[in-house]
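One chain, chain A, appears in both complexes that follow, with chain B as partner in the first and chain C in the second.
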Partner chain A sequence: MVADENPAALAKFLKIVNTVKASDATEILIGLLKRRQIKSSRNVAKAVAKLLLRFVSQNRHTKLSEVNGLIKDVRDLGKLLVAAQPKEMVIGNIVRRVLGVIREEGNEENLHQSLADLTLGGRLSRASSVGDDSSAPDSGTVTPSSNRPFSRDGRDFEEDIDDLSRRKSKVYIPNLGRGLTRIGSFQAPNPSFSEGNLQHALFSLLHTSPLPIDSPGTLTPNNKAEGKDHFEDKDIRGDVIDGIKEIMEELDVVDEQLALASEQHIHANEIVMVLGSSITLQRFLMKAAIKRKFIVVMVETYPNDHKDTQEVLKAPSKYRLPQSKAAAAKITASTPKDEPMPTLEFKNTLTSMGVETILIPDSVVPAIISRVNKVIMGSHVILRNGSCITNAGAKTVARCALQHSIPVVVVSGVYKLSPLYPFDPDSMLETGDSSAVVGWEDGDMVGGTEIFNPLMDFVPDNLVDHYITNVGGYTPQNLYKLVEEQYGSATDSLE
Partner chain B sequence: MAPTPKNKPAKKLGALEEAPEKLLQAVVVADSFNKRFRPLTLETPRATNTPVLEYTLEFLALGGVEEVFLYCYAHSEKIRSYIKSSKWSRESSPFEIHVIYSPSITSVGDVMRELDQSRLINDDFIFVSGDIVSNISLQTVLQEHKARRLVDKSCIMTTVLREVSPSHRSRPRGENAVFVMDSNRERIFHYEPLKQSPPTESVALPKDLVKANPKMSLQENLLDCCIDIISFEVPPLFTENFDWQHSRKDFLHGILMDELYGKTVYAHILKSGYAGRIQSLHTYDSIGRDITNRWTYPFCPDSNFLDGQSYKYSRGHMYKEADVILAQSAEIKENTIIGSGTKIEDGAIVFGSTIGRNCHIGQNVKLHSAIIWDNAVIGDNCTIGKAIIASGVHINSGCIVESGAIISYGVEVEKGSRILSSAKLTKASGGKESKNSRAKTITEYEDSEDDEEEQVETSMAGLYSWKNVSESDFSDMSDIDEDAVAKKRGHKRTNSESEIDGFPREAYNSLLGALKQNHSVDIMILELNGLRMSANAEFNDVRLATSSAVVSYMLTKITSNEAVSKIVDATIEKLLPLFNRMIFEVSDQAEILEFMQKELAGKERGGAIMQAIGMKLYNEDLCDNDGILTWWNDGNGPDGETPDMAKVREATTAFVKWVMQQDEDSDDEDEDYEEDDDDD
Partner chain C sequence: MAAVVVPEAPKLQVAVPGDGEPAAQLDLPTKSGVIRLNTGEFDIRSVYLTYLRNDNELTMPVAAIKSLVDLVERINAQTTAEFLDVLNKGINALKDSIRNPISLSAGCDLFLRFIVRFLRHSQSLPRLVTHLKQSYKLFDLRAKDSRTKIAKLGSSFITDGCTVLTISFSRIVLGMMTDALKKHIRFKVIVTEGAGGKRLASILRSKGVPVAIIPEGAVGYAMSTVDIVLIGAEGVVENGGIINVLGTFQMATLAKAAGKSVYAVCETHKFVRLYPINAFDLPITQTVVNFSTEDAGDQKPAEKDTIEEAERIGNDRFVDFTPPTLLTAIITEAGVLTPSSVSEELLKIWF
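== the complex of A and B ==
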């Protein structure tokens, strides 16, 4: 939400994280979070995901039998990170997502085991074990490639999807049913998948690299030597790492996915009130501006975000993908056709793209709002009950909008969706630097007044009409379903 | 200390994340070299329940510092073990930290000399003291400094200043100064520290400076953050000038006064951001308040920088750790910090206070802006104002602690006592206080009984009743033209400092300093000679400087009429070798007397001093009859003897008459002698 103030810190962290021990990397990140050198939901999410990747790859628990140990370790790490910066709730989201991935791997393998007990061990593939129809034509072939469900051409995918969604752990699958075309038009980085098959493409997000060995059929000598059940000793680390990599990829592409929905939400000749200066929102508007003519009314959000907001209007160079260059390059390399957002686009301002843009101070929102067709805002975090935490000033805007029955739309990546319930919303809001309100040099004010500078606003669920996420649109009332899909039924307390 | 000029262009490119080849180094001095925190200095000082040093280190980490040298003197073991067990010594620390203890360190100057010897520094570095609380971006300052270095090779320092209103609560008292800068407020031309008592009334500027810069800006409302970016050339300068102690009074003032160095110093004036230095109890209190009020964001209590801290923020700048027990009817108001394990009983009202861990606050206690450290017990019905209650203090019920009191470690205060605002209670430590260490004894001290020198600054009563003490002419920044400056100088003509420029001024400063610090005469001669040679000065300049320095020194020493001759004699006796080296002829004798007369003009007891000087010089054979008579006769002319000077002269009439008498006598003798001669 808050624009990058120090992308260098993130870049540096991402660079060194693989060169130090995971425990050190954790402490480095904790320091960076406490000093607020890494802030804004996405940067934090990226750093946390990268750290978890490192952590899992170095963790001593690699075997299926040790999955509970791994879960515990990750949870403990999560607690540390959450404690370091409880206001960045996205930390908890990412940790919980990773926990979900680990649990899934554990369950999946357990499922294998149980199935293997029933049928002939060693003949089963992962793929066949997940499906109900273990007797599917090619399911018996024990090759690494057959581990991938999408490799089985002509197979009915809905079946797989249903099956998977029942387990409620993977990210995209449950949404394939609705809004598929929109989300699916983002293409997976792997060019080898056929373009037409959206399910394939999406599914490939989950498994881009082949699993490292260990299909049940190939027993390693090690497994034998230990004399344990060979299914229990399966190495799940690779799978978990893949899962984390998917999350990281999602973070890289979430803006593009969101932008794809923009045309459906911004119509010709609409007047849209926009709150927030995040790159996500900018891309969203830019994408719509390609096809539509509309008017944007930018709310300044003084005193914490006004500079960034003005920056957006006049000098967009900042938004030329400074921090995700590497990611963009990677995507470009793998799928040249499907370059997410040409960097060119960000050389332009909204104005130069033919969108009339009006900057207004927060105080005139109540006056202007009646002229507006729609309010679009970014968010810091979305909560389970459909409320969200956004830039300070958002609540006023949403409240005004409600008065005039103007729809409020929150655009946000699904990684910002938190399974937490706002029992005490106040404790979730961050209070910032008082000097943004009054300069510290003013001795009379400093000594004589109480000054507060809340950075965030809590926007209750009844003030939001619609959430646009990269996995589809949701009403606040239905968000809980998405939470279920994202995090499963497991509740991990990271406090 | 070989600088590598080849690296310079590369450094220019050294943007934020592009790692420069050289580590960014910082030197932290974890000692204030004063006694302002007594009797509380026994432990690492802390603000808002976190050691102050922690804030400094976090600030350096934020600034991207990669290597830290922590110099300490007092409590070095404590600091060392603290650092060792802290996160800063772990692998994950953003910088490598070296704790350096040296028993010879007693000032900033010593640290610099030590640095020069140790050769740890290989590039421009950051110099801060270990009591800085700041959230500014060091990178911005650094980049500015480096860009400047490329243009101006002689730039040796960029100091960070913060513009604040004159009455700001966080301005340290007694550390104010006037900065004379160019009109862009970048380069510092002159630095003049201001004294608090007696308040400095005028500031003298070198003549050349005013001539060379028709536009200058003089500013007094700058808070010196004591964050400096210092070039690696500076430590050797300190070695050269072994008497430099203070980084401001001596170094900055000295380097700017002396054009020989040809060095320039720049200022980085902050418009936003926070920077403060906890250098006295007054600033301790105000910066603690700033932290609570989140001016120092992100360095706030709820950042939990220490391991095991668990502060949570709630609306109204209230910070509570886990496991705080609050009674139902206890009222916790704004700006409070409460550490874990603390229990606050029914009916207590806590406002604007900081309470450490495991404290017990009794029923109906009223805490108003109190600072309470760990493990303190406050009995029922106590009322505590803006006081500092150190760790382990036990205040029994019904006490009243007035604003300004300090209660040191482990003191137990009897039931129903009233602690006055000027009181400093202590249980142990130095000298006479120790006899009161028995428990249950109220050791109450009036200020007068306590410490020696820094009375004014230590007194909490004084600290808290901080008013607009120093509203000098310079409190507002103004671009003034030459005329105005000249005018300002004009009405301060009598000030001896303003009359001399260039070499005499330097020599004057150096001599006066040496006299005050009681250096041996050999050193003075050495220094003076060095200065004279380098400036290629005439001997009459030397005499001018010497006489003004000697007179100034005497004037500061002489407080009563009785002391006059004693001090004059002692001073001149001490400086005999010096005088011997500058008085060669009769005219020299006359000249030095004239200079002395000039200096004494208009001064209290000027005449008496002049007479004593003349007498002593005569007795020591520094001046003979001819010299004194020449002076006497020269001055008698109509040309330029001000009434003040004349007054001084009047006072010596008796002495001169006596000298004349002697002269005649000796003339007689001479004649006799000559006669004898003739006889041969």
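== the complex of A and C ==
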């Protein structure tokens, strides 16, 4: 959301990360984060994902049996990065996503448990794990939703074995959970993740699995150990790396995925108030502008984002591609591979596409808002309870919109969704350079007044009506489901 | 199966703990809470009350589940249908014999759902009994486990220097505060005086927490000094509202008006399948509002002195219903939930 003043820093980091040791790269990134040289959510996310890729590929833990070591190492790295820039919550998100990937790979180990309690306990835990199988009358059928390898939903053991052998052969079969990155795939929430959550929790009082069951049918420990030897040498590094690459891929395509939804949200002849100048928002609006005729009211967001906001309206913009092909080729060559390729629509700005655009100062928002049909804003981070942190000024806009019952829509990639709960929202907000408000040359003001420049606003969940993410639309009340789907039930503390 | 079947709940003031009041229903046994099995009589009410009396820490749903396990062990049924029939009778007898069965009915329903699901997966009856016997000892453990989990999770809401407003005595809220104390967080507590509030105050004061006891009428007065409202819950209903001691509703309303966050704290086994719109929809009879033309007919307040005993057994305090719109979130061992997610979770186990 915060416009990146120094995209070159990211490009440089992405280039050198492959040439140095992971530990050195970590130091470099920590420095960049501390100095705020990498700033926007997405660039931070990209840098962290890239670093994690390098880190995992160089980590000494590669085997399935060492999965806990790998998780610990990644978590420790995550702690370092979060400590470097605690207000950039995207760091934590990406680290947790990667931890989720590793856990999922490590889940193969769980098979041994399910082998063990298969005869009696397995069935019991199935009976208690509820959910999926309740809808299917026959517990033996494969429901289309049960796509995760070792979820103990109502599937037969044979299929678990099937999955196992498939995994053993080196073919990588992406599963639903991470299939989210596929372009335009608006999928139903992955039910398998919900296994460990509340629905389970309702029955947790009664279910069996932690209980040793002395039944003649249970596999003996010997069998168990035998089975374990067989699998624990399996190399999971490749799978984890694939998972991280999918996350990186998602970061590249997220804008396009979001833009696909724009036509459903912006209708003909609507007046839309827009807050924020992010590329995500621009693409969203421009995609809608291809088919729809609407009026955009841009909020200036002085003093931190007003220049970027104006850039969005002006042609040529700083985001604009050079028109000549040669220059375009040059850009392509100089852009590192991991950078997203600017798409064609980016040659244009909103104004050049014929969208009527009105730029207003922040102070007139209350006056204008009654004329507006909808408020669209970007976000810096979305929190689990449905509140979000956005550019300073957003709360004013959202409050005004609530007063006039105007829907507030937040457009944001799912990578910005944090599984954390805002216990103390004020601590999450960032304060910036006060010279943006009053310059240092104004001696009287600098000497005599205290000047604040908050960069962020905390917009509570009751002020937001809808979140548009690249995996579909969610109301603030239902975001917790998306959190479960993205991160699973385990929440790692990275503080 | 209806969630709560209480056609004629006995009135609040009538009963003295211990002797069951004679119920007039025809198909019920002579003494309420007693069911006839082919192996003899089983007084589920006294079993339930004994569990609650013996263990201060036991919640009502868990006590209900434990007494139902006792019942299951005594059922000598040939068919599943017969078994379920007797079990249902037992559940109904228990619900009918307790004055406010909302909380315990959550446990009964959960237990019934579990058994139906268990049997559906072609488990035989003897296996079910074996399984229940095995996990019997774990019930308390797990229930307490979830309480510590909630305490850990919820204590993050108590921040340094904040003032917490709470109502009556709730073990789980006390647990959260104790956990916050362990983290060396300094906070102040305001508690209303009724329904065990004094007990909470004395426990907290002995731990060095500054506590103010205020009358119920001063909640609005004190609200401006409050940072966060933490309330326990007897039950969480399907729409995400909570059932709790009388006064919770007005406290939540005042907090909402003042823009303070209201968090309900509750284990997930207290989720109950009810959908009340207001307190008069609750399936219990309460004599809170009594119109009378005579002074003598004035309503006596709920007996506060016996609350400790009452809380553990008959639960004879008045309750009210707090709608979900007044709650910021519900803190459970499964995480911090929005009120709207409660119904979804309930639906998952029921359908």
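Going forward, the second predicted complex is superposed on the first by the 347 of 495 C-alpha atoms of A that agree within 3 Å, B and C clash if a C-alpha of one lies under 4 Å from a C-alpha of the other, contacts with A are read in each partner's own complex, and residues count from 1 in each chain.
In this text, a contact is a pair of C-beta atoms (placed from the backbone, for glycine too) under 8 Å apart; a residue touches a chain by one contact, two chains touch by 3 or more.
These numbers come from a predicted model, not from an experiment.
In the superposed model, A:Gly31 makes contact with chain B only, not with chain C.
When both complexes are overlaid on chain A, the residue A:Asp442 reaches chain B alone and has no touch with chain C.
In the superposition on chain A, A:Tyr421 contacts chain C only, with no contact to chain B. In the superposition on chain A, A:Tyr480 contacts chain C only, with no contact to chain B. In the superposition on chain A, contact is made by A:Gly432 with chain B only, not with chain C.
The residues of chain A shared by its contacts with chain B and with chain C come to none at all. The part of chain C that touches chain A in the complex is made up of residues 62, 65, 110-111, 114, 117-118, 120-121, 123, 127, 131, 134-135, 138-139, 142-143, 146, 156-157, 159, 268-269, 271, 329, 332-341, 345-346, 348-349, 351. Chain A meets chain B in the complex at residues 8, 11-12, 20-21, 23-28, 31, 34-37, 83-84, 86, 426-427, 430-435, 439-444, 446-447, 450-453. Contacts from chain A toward chain C in the complex involve residues 120, 123-124, 126-128, 130-131, 134-135, 139, 197-199, 201-208, 210-211, 213, 384-386, 421, 423-424, 476-478, 480-481. Taken together, the chain B residues at the contact with chain A in this complex read 16-17, 58, 61-62, 87, 90-92, 94, 135, 162-171, 271-274, 290, 293-295, 297-299, 303-305, 310, 312-317, 334-335.
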